[in-house]
Amino acid sequence: MSHLIILPVLLPLLTGVLLLLLPRKRRLLIHTVSLASAALLMVFTVQLLLRANGIGYEVYALGNWAPPFGIVLVLDKLSALMLALTSTLAFFSLLYTAAETGQRSGQTLHALSHFLLLGVNGAFLTGDIFNLFVFFEILLLSSYSLLLQGGGPARAKAGLHYVVLNLAGSGMFLIAVAILYGLTGTLNLADMAQRVTQVSAADAPLVAAAAVLLLLVFGLKGAVMPLYFWLPRAYASATAPVAALFAIMTKVGVYAIIRVYSLVFGDEAGELAGVALPWLWPLALLTIVFSVIGVLAARELRIQIAYLVIVSVGTLLAGVALNSEAALSATLYYLLHSTWICAALFLLADQIVRQRGSSEDRIASGPALRQGILLGSLFLVAAVSIVGLPPLSGFIGKILLLQAATGTQAVWLWSIILVASLAVLTALSRSGSTIFWRTTSETLDNAPAAGRFCLTAIFGLLALGVALVIFGDTVLEYTGALAQQIMQPQGYIDAVLGHTVKELPHE
Amino acid sequence: MLIEIIVSVAVLIGASFALIGSIGLVRLPDFYLRLHGPAKATTLGVGGVLIGSMIYFSASEQSVSLHELLVAMFLFITAPVSAHIVAKAALHIRLPCIERTKGKPWQSGES
Amino acid sequence: MSNPRPSHLAQPLRSKRLWLPHKALSIYMWLLWLLLVNEISAGHVLLGGFLAWLIPYLTQSFWPEEMVLRKPGVAGRFILLVLWDIVVANAILAVRILGPTRKLQPAFIEVPLDIKQDFAITLLASTISLTPGTVSADLSEDRSALLVHVLHVDDADTTVSAMKARYEAPLKEIFEC
Amino acid sequence: PATSLALLLSYLPRIFAGETVYFHQPWLTLLGMDLSLRLDGLSFMFALLITGIGLLVVLYARYYLSKNDSLGRLYALLQVFMMAMLGIVMSDNILLMVVFWELTSLSSFLLISYWSGKTEARKGARMALTVTGAGGLALLAGALVIGNIVGSYNFGDILAAGDLIRAHDLYPLALALILLGAFTKSAQFPFHFWLPHAMSAPTPVSAYLHSATMVKAGVFLLARMYPALAGTDLWFYSVSSVGLATLVYAAYTAMFKHDLKGLLAFSTISHLGLITLLFGLNSPLAAVAAIFHIINHATFKASLFMAAGAIDHETGTRDMLRINGMWKYMPITATVAMVAAAAMAGVPLLNGFLSKEMFFAETLGLEAAPQITWLVPILATLAGVFAVAYSYRFIHDVFFNGEPVDLPKFPPHEPPLYMIVPMAILVILCVLVGIWPNVTVAPFLHAASLAVLGSSLPEYKIALWHGINLPLLMSFIALAGGLLLYYQRKGLFAFYERRFRSDEKIVFEARVQRSVRISQSITKRLENGSLQRYFGLFVAAAVIGVGVELWPLASFTGPLAASSVDFISVLAALVLIVSAIGTVLLHHNRFAALLLLSVVGLVVALIFVRFSAPDLALTQLSVEIVTIVLLMLALYFLPQITPNESNPLRVGRDVVLAGAAGSGIGLMAWAVLTRPYDTIADYYLANSVSGGGGTNVVNVILVDFRGFDTLGEITVLLIAAVAIYAMIYKLQLPLANADGTGRVWSTDPYPPILMVLARILFPLALMVSFYVFLRGHNLPGGGFIAGLITSVALILQYVASGNGWVQQRLNWNYRSVAAGGVLLATVTGLASWLFGYPLLTSTFTYLNWPVVGKFEIASAMAFDTGVYITVVGATLVILSNLGKLAQTTYADALPVTSPAKPEEAT
Amino acid sequence: MEALIAIVIAVMSSCGIYLMLRGRTFPVIVGLTLFSYAVNVFIFVMGRLHTDAPAVIAEGASYADPLPQALVLTAIVISFAMTAFLLVLALRARAELGNDHVDGHDAEDVKSP
Amino acid sequence: MLTTAVVIAMGMVGIAIALNLLRLVIGPSLPDRILALDTMYVNAIALLILFGIYQGADVYFEAALLIAVMGFVGTVALSKYLLRGDIIE
């Protein structure tokens, strides 16, 4: 049997543990192990992507217990795509980490990053809702700690808010899972999807309450109005590679929403079909509106980028709420784009901060940058992408989404997205021109030039965004097939519940 | 039947002592006095209950059940030390005792 | 604030001994195991024996000195005495707790100590706490005296000498002669 | 550009033959956007303008820029721009055109801000980007609407579907959006204001982008979409009125600009208005005239910009109040500029005259809305008057009008030859076209008009002399009136200064600033940095969400009968409720709250016992103590008292919120508890012994059925250990040397009696934990609980004897221990791979040894050992490091000379 | 009995959430602990209430639902790890921010208790 | 009869626990509260053992043992906090 599907979980776990066991002083070794593992992870996930592109589903029954009794990992097009996205992001972020940690070994940082990957990958793969909770906790705890890397009051405060809110969120998650179990008697998502169809009308509101509670929890992770307020400070205060890595975190929330509400509460869920949609749609639009206001309001570049992350979340969820194949396909395209580009922006902002000395990333006049042209050009590319100007990925994603909307939804989505684009354009042109052009004097003497590996990381992420344009058709073909798979959850259900395990010798 | 009676008596006596210890805890006028109830009565009370349990399970399962002894032993070892350390803390923060108390506690840190 | 140099840090670390570093402890452990599993089978007797070796071996550095019971007979009698006193103590206590509290005459009394070993002092202090109307509240830092709170006292000196005779003496006999 | 030009010219014959050349490369097919290009007459004409003028501008710029400026950057950007511009005119797909459209906005942004050090340049660039970007977005929306109507984004399909589009409900929307795109790009009123401010760009850029090409993209769009959108009243009114307003207003304003380039900019706007107006007239001839004027305007305006640049270059200023009498210093430039200006004014024998004539003629031929159409020719003539006036001013005020006034550079010279050559070429073209239109421009115009108007191309004739008619009269009125006006300029200037001082840039900047400020205040209100606010919102959202969903629920009480209540349970519940509420009421006294919290924990454990969950009880008890110890370790560094800082209103609000949330949770518990369910749990009960080899089903679930969860759970512990270790590293905290009441701490850190007892208990606890571990698979217990017992036993040693003492005896790296535990558990799980089973597949067997008897060994036990080790390691990392915290801060807090460093264990 | 449990859960969650809404780190942590107790009991009772039926396989006995119990065990461990982390974070915040307010600033209207 | 006796005993222990809580809530001093909590732990052991007899099952024995261990450690830690502030030093 193939164990490939478990490797995205196993590899980061073992790497994290191994990194902790290595002697702290072996700096180079630690970096090498960490990067090699990230590279290997990329290989595995790409392989999984290819495999998912070919087959429908693949199920891995942990402990050889047949679903729904044991925990299963399920590979489908969605999980494969998310895995590949994560691994690329992780590789470049770790590359940046390795380049930037300098004399410090970064042992903890690397280990925690791999644990974060463990959590994220696990969340993407698992087919069990409680196991999803466990992986959420793994990724959250790692992220708490990663966020605090480097110390300082801003991080401490942001961290405190982030942690407390998410701990409360975890509590709510458990309550929701418990209610679902208490009424359906199962934890396996596929099984639950089947049992939810049989929930009586009298009990349906209870399940719906649990579903909304779950939505709230995922919304907290994904940073939806009114639950995103913790995010800007948190992301802005994180160190660059961490912030870059965090670009995937909100997407985990989005993923969970897609997965749970299409599979368990999808169109076939009887009384409970589409239970999340009436909430999701307005919240997504409000998220866009208020986060764009945040983008305009930002006084610091990193805060602005953080708000851009939220804008992208709002856009994605709006796409999810459209609840159609075309919209979902567009959403996933946009998800790839926004994750890579936001990550690149965070890395870039870090280099800007380094070269601006005490002006840091304030959107106000400051010293000229040592590599103004280079960084400026990179910023331009990233900004063009994220604003959604042609010819880069954001534009395509945006068009796809706009095309997917119909009826009244189209009116709302079009006006909000287009006005939002304009506002973001205004804001980014303001911050970009201020930071790169409104410079007071000479460059700072001690401003460090961006290192080779740092630039590689930024280049790499932007290049992935560009690749999304060049190979647009291929990507869209995949996301289209993916959307089809997601909108027809019966395939998933059959694959999981029909999975048979190998006979054990002692039985 | 005899065993039932023995067990009943044991648990009732035990429970009574536990209750008395707790009554002492509420009723006595200062901390140092209240300390006596839990340190002795409650411990013994639980001891009584444990003996009851020991007899009961030995009888009902037709084999000697002695592991309750372990709990009892543990309690008898730890209860006085608990009392001691709490009292030490009370002395340290100079918790007042009722006026008619003879003798004076050491000042904290004195020997 | 000054922090006194804790004397216990100066205790020498004994080199590890493989074979039964604490024989008394080992016996105690073995019995404990059988108590815990609540059954006497060949398997558990052997397993208990193994643990009786393993745990003392692992924890030997936590035991500063080897305890030697000099007079098992005295020790046995002492235990019985204490158990009896506990029962009596509680009967008296019950009466005092339930009776009128205004008649109580509490007191702090100081019991000078003859025994010096920490272990023995601990035993004495515990015994005092478990027995009639007394709780050992504090030990002087030089370990020369025990501060005891008495629930009801008629004559402090008598109480002190009674305690010393009844409990300290046998303990001294058991551990130090 | 030369290459492009050459390449382009090679298509000349085919285009003149009315052919359309296509290029097609599938790209984003799923998006409806392919990389498909078309080269028809219209695009060919534009492409020729773009490449031709581009070539000249490149030549000019080479000598225009100073040595400090990066020529490479300018060329690169110009190249990008040219490519994008060609893309616009040659796209065969409307979405693709939008792509190039936005690219021109972007490159224009970068070109305007070429001298990025200047505030003017940055602001001008940003304004241009915002306005044209907004237009681009509107255009995008329009394109999508069109695509929606037609079902294709291909121009071929769109242009053929004009009737369909015009009849569609969405036509007004599509039209509005597309016109918005065109008008912003071509600086039509009221979106014109960005163009004058774009003049902070280097002059070659202004010449190229902001007169000859980019601003023409808007009118190009009108031309391109003409077959699809034009011909309706809506089109007529919207396009022509905007064009007319722009024409007049901009021509009027141009007269008063003292800045050379400002004058030219408004003139450009005005001419664009003229072209727009022509397109708006819904007449085929007007469209031809529009196309003709596009060509003419590009030639004379580009050369004028170049002249202005040359003057700026030589004098160091563009202020016409200072620049006078240049005829003396640079006669060649003067000659060239004067000819171009004359073309701009519409002087006969020059190209401007021809298209203007056609324009005047068209304004007269209006058929629609007769009650207002008489106004059009009048306004057109008026605009002509203004145009002559500003053109004449450009000539007179710059080249004559006395002596220059303190120029930054004096005396000015003729510019380098290669700056003159491009100007000259353009001016020669003006003359050639003006005199022999049929030889020079006619084929291009024909091809282009064919592309716009299709087969319905009207009969038209370009000629210098049509005889004396109304248009000619209008031309002469304009010429004479313009000269007259110029000589009356003093009074006019004064009038203008009094009336029109509104600067759109200031308005625009103020608007942007205001929206930023409003955003900031909204954001500050929402994201006020208060966790209480955020958390309150979270709870409120949950209450509302759940409340709304629960609303339809008929009854919380389900069909199952409730079980009976007993006295002890009620008592225990009361104890729990009292202590929970007590925790809240006493929470200002933190230590007391902690004690009450312990009671809650204890009763929770009793609840677990009461309802048949011994494993849970054990775990709850051990975790609770460790938690309490942790809380105390932390409390040491925190204030002992919580200040009373919530006002009654907030307390009330929080009570309501918390009460609602809690009641909701309680109600849902009640609802579920009284409903039946059908669970998968029976499978575990049935297979625990046969499949998992253990009778304690809970434990078998943990280490086997759902061992993956447990692996995750111990990883969480490990991460917590690592994270906490990292956080404590170098943590400096103010240390209280006295308790909350100010009493100095006891001097006796390690009470001997406690120390003795702790040591006695240690082996005992180890024994118990081994026992609990071993039986876990079959009876309540297991690795986790055993690990906690071991940890607690060690904690007791730390408490009783101190960090130093324990470290002397047990110098482990707990972090590695924890990592090792996870490793062991994982590797155990991996072992199943060897036998071809998935991760974490367990196995067990029964051995029968002599004497010992029958017993079970299970791989799950190795897994559980991993759990045990992780728990011990993680718990101790956390606790011992928190313990050490005070040591390090304590040592640091003391003066260096202090002898008191007692616990530096050697 | 179900009602009693529901009330207990309601009270614990209310108290926990109320404390989490306070402005200082320590009460927040205490509240979080209280809330996690409530959550644990909540999950636990989703297996319904069973008296004298521990899920330990024996002859002819009835059993409680073992699955929620296993979930609670996992949840307890995780919430323990989280609480520990938050606690140390509170210390860290105290060190970095100079006070123990969750927002890092002492409220202006502090009244002494 | 045994059942009655055990139920009565449980009632008595339950009341004892309630009394402990009373002392815990009213204090007034912290040592009083610690003492009350410690006593409550011990009483809880009694309650558990009684419950075991009542149910005729001895699976609750370990819980009792654990309460004994944990109660003691808790009391020690709490008292040491009052004494030294720093419980692990």
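Should a chain be cited, it is by its letter among A, B, C, D, E and F, assigned in written order, with residues numbered from 1 in that chain.
We adopt the following convention: a contact is a pair of C-beta atoms (placed from the backbone, for glycine too) under 8 Å apart; a residue touches a chain by one contact, two chains touch by 3 or more.
None of these values were measured; they are calculated from a predicted model.
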| item | value |
| --- | --- |
| Chain located farthest away, centre of chain A as origin (C-alpha) | C |
| Chain whose Cα mean lies nearest the overall Cα mean | A |
| Between the pairs B-C and E-F, the one where more C-beta pairs touch | B-C |
| Separation of mean Cα positions, chain F and chain B [Å, integer] | 10 |
| For chain C paired with chain E, centre-to-centre distance based on mean C-alpha positions, whole Å | 39 |
| Geometric centre distance via CA averages, chain E-chain B, whole Å | 31 |
| Length of the line joining the C-alpha centres of chain A and chain E, rounded to whole Å | 28 |
| Contacts with 2+ other chains: residues of chain E | 17, 20, 25, 42, 46-47, 51-52, 54, 56, 67, 74, 78, 81-82, 85, 89-90, 92, 95, 102-103 |
| Contacts with two or more other chains, residues of chain B listed in rising order | 21, 23, 35, 37, 43, 65, 67, 70, 74, 77-79, 81, 83-85, 87-88, 90, 92-93, 109 |
| Junction residues of chain C, two or more chains touched | 32, 36-37, 122, 125-126, 136, 141 |
| Complex contacts: residues of chain C adjacent to chain B | 32, 35-39, 86-87, 89-90, 93-94, 97-98, 101, 104-110, 122, 125-131, 133, 135-138, 140-142, 144-145, 147, 149, 151, 153, 156 |
| Chain C-touching residues of chain D, taken from the complex the two chains share | 737-738, 744-745, 747-753, 755-757, 759, 762-764, 766-768, 770-771, 797, 801-802, 804-805, 808-810, 851-853, 855, 890, 900, 902-903, 905 |
| Of chain D, residues touching chain F in the complex | 567-568, 571-572, 574-575, 578-579, 582, 586, 591-592, 594-596, 598-599, 602, 605-606, 609-610, 614, 617-618, 621-622, 624-625, 628-629, 632-633, 635-636, 736, 739, 745-746, 748-749, 751, 754, 758, 761, 765, 768, 772, 779-781, 785, 789, 792-793, 795-796, 798-800, 802-803, 879-880, 882-884, 886-887, 903 |
| List of chain F residues in touch with chain B within their complex | 1-2, 4-6, 8-10, 12-13, 15-17, 19-20, 22-23, 29-32, 34-36, 38-39, 42-43, 45-46, 49-50, 52-53, 56, 58, 61, 64-65, 68-69, 71-72, 75-76, 79-80, 82-83 |
| Interface residues, chain D side, partner chain B - complex | 739, 741, 743, 746-748, 751, 753-754, 757, 760-761, 764 |
